[in-house]
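Structure in structure tokens, see below.
To keep things simple, chains are lettered A, B, C and D as they appear, and every chain counts its residues starting from 1.
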Amino acid sequence: MELKELQARIREKYYETDAKSGPLFLLAVLFEEVGELAEAVRKGERGSIEEELADVLFMVLSLSNLFEIYPEKRLVEKYIEGDPRSRWDLP
Amino acid sequence: MELKELQARIREKYYETDAKSGPLFLLAVLFEEVGELAEAVRKGERGSIEEELADVLFMVLSLSNLFEIYPEKRLVEKYIEGDPRSRWDLP
Amino acid sequence: MELKELQARIREKYYETDAKSGPLFLLAVLFEEVGELAEAVRKGERGSIEEELADVLFMVLSLSNLFEIYPEKRLVEKYIEGDPRSRWDLP
Amino acid sequence: MELKELQARIREKYYETDAKSGPLFLLAVLFEEVGELAEAVRKGERGSIEEELADVLFMVLSLSNLFEIYPEKRLVEKYIEGDPRSRWDLP
């Protein structure tokens, strides 16, 4: 599915609920999901890793909708057209 | 762009670097980016919010590539075809 | 300094400000600080690691004050008197 | 208990285990605990909030031990003797 289409379908279904909850509430849920992803990665549990990656992705797109932002454009500019690796501190 | 296509283009360019860094390192970078997203959301800085949403999305897709996982499928099952809101604790 | 004394001195100075900001706001600041700690640890920058550990500790005690909770008691019970390592998934 | 004493008792018991796990592993565990704290605060569950504050505090002191850092000194300098509020973006 087009990322923009996926984001639109999430907005259609969840925007009203999320607008009532507000950005700080959604941020707290994002951190819960990132914490659960950290646990799944640390334990190397593939099934949980997939579940938590889907949850984190859902929360990122939900937060994007709350601010009416499409992160795809900036991501493509910065990481596909551009290449920030020269600024990375790699191990 | 199709989410799968975006994920494939990130893999093409960054997989080798990320495989050397390893999952815990990528997780630490994800933590940085969600921390920066929290700051931007808390301050309501729209430009930074877009930048950080793009960075977090990039890290989620990079981690997905590291585990050869496509989170789109599970996200669609759980949040588009399904509806988990009855289990949510909303404010 | 006694941990309880340190928590009391933080409460004296910051409780009023924090009560106006509210728990979700303080949580967002904690997310920022742990994100900055992740960056400092990943880069191995000792000076920043100390700064961010102090910031995270400050936010944990500030949140504790907001809920009138003294985490020391539970920490001693669970980790000093008890030993949860048998339940840990270590690498 | 003195914070330094609490940190010393944690070091005595857990340093060896943590040194094997390494800083990125401990960081991942810290993020799990912060995610669980976010959930408890979001849901307003006082018992869980106390449990998770104790867990996050334990992880902060464990990470401090791993780097042989005592965050108390910097915290007192910055937040008790100093007052950074003029630089805060409050709601």
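Structural remarks
Criterion: a residue touches a chain if its C-beta (ideal position, glycine included) is under 8 Å from a C-beta of that chain, and two chains touch if they have at least 3 such contacts.
This one's a predicted model, so the numbers in the text were calculated from it and none came from an experiment.
A repeat of the A-B interface exists among B-C, B-D or C-D; more than half of the contact pairs are identical by residue number at C-D.
Set side by side, C-D and A-D show the greater C-beta contact count at C-D. If you average the Cα atoms of chain A and of chain D, the two centres end up 26 Å apart.
Centroids built from CA atoms put chain C at 26 Å from chain A.
Averaging Cα coordinates per chain places chain C and chain D 4 Å apart. Of all residues in chain D, those touching 2 or more other chains are 24-25, 27-28, 31, 34, 38, 41-42, listed in ascending order.
Here chain A touches chain C in the complex through residues 24-25, 27-28, 31, 42-43, 89, going by the rule given at the top. By the touch criterion stated above, chain D contacts chain A in their complex at residues 25, 28-29, 31-36, 38-39, 41-42.
Across the interface of their complex, chain D is touched by residues 1-3, 6, 9-10, 13-14, 17, 20-25, 27, 30-31, 34, 37-38, 41-42, 46, 49-51, 53-58, 60, 63-64, 67, 69, 71-76, 78-80, 83, 85, 88, 90-91 of chain C.
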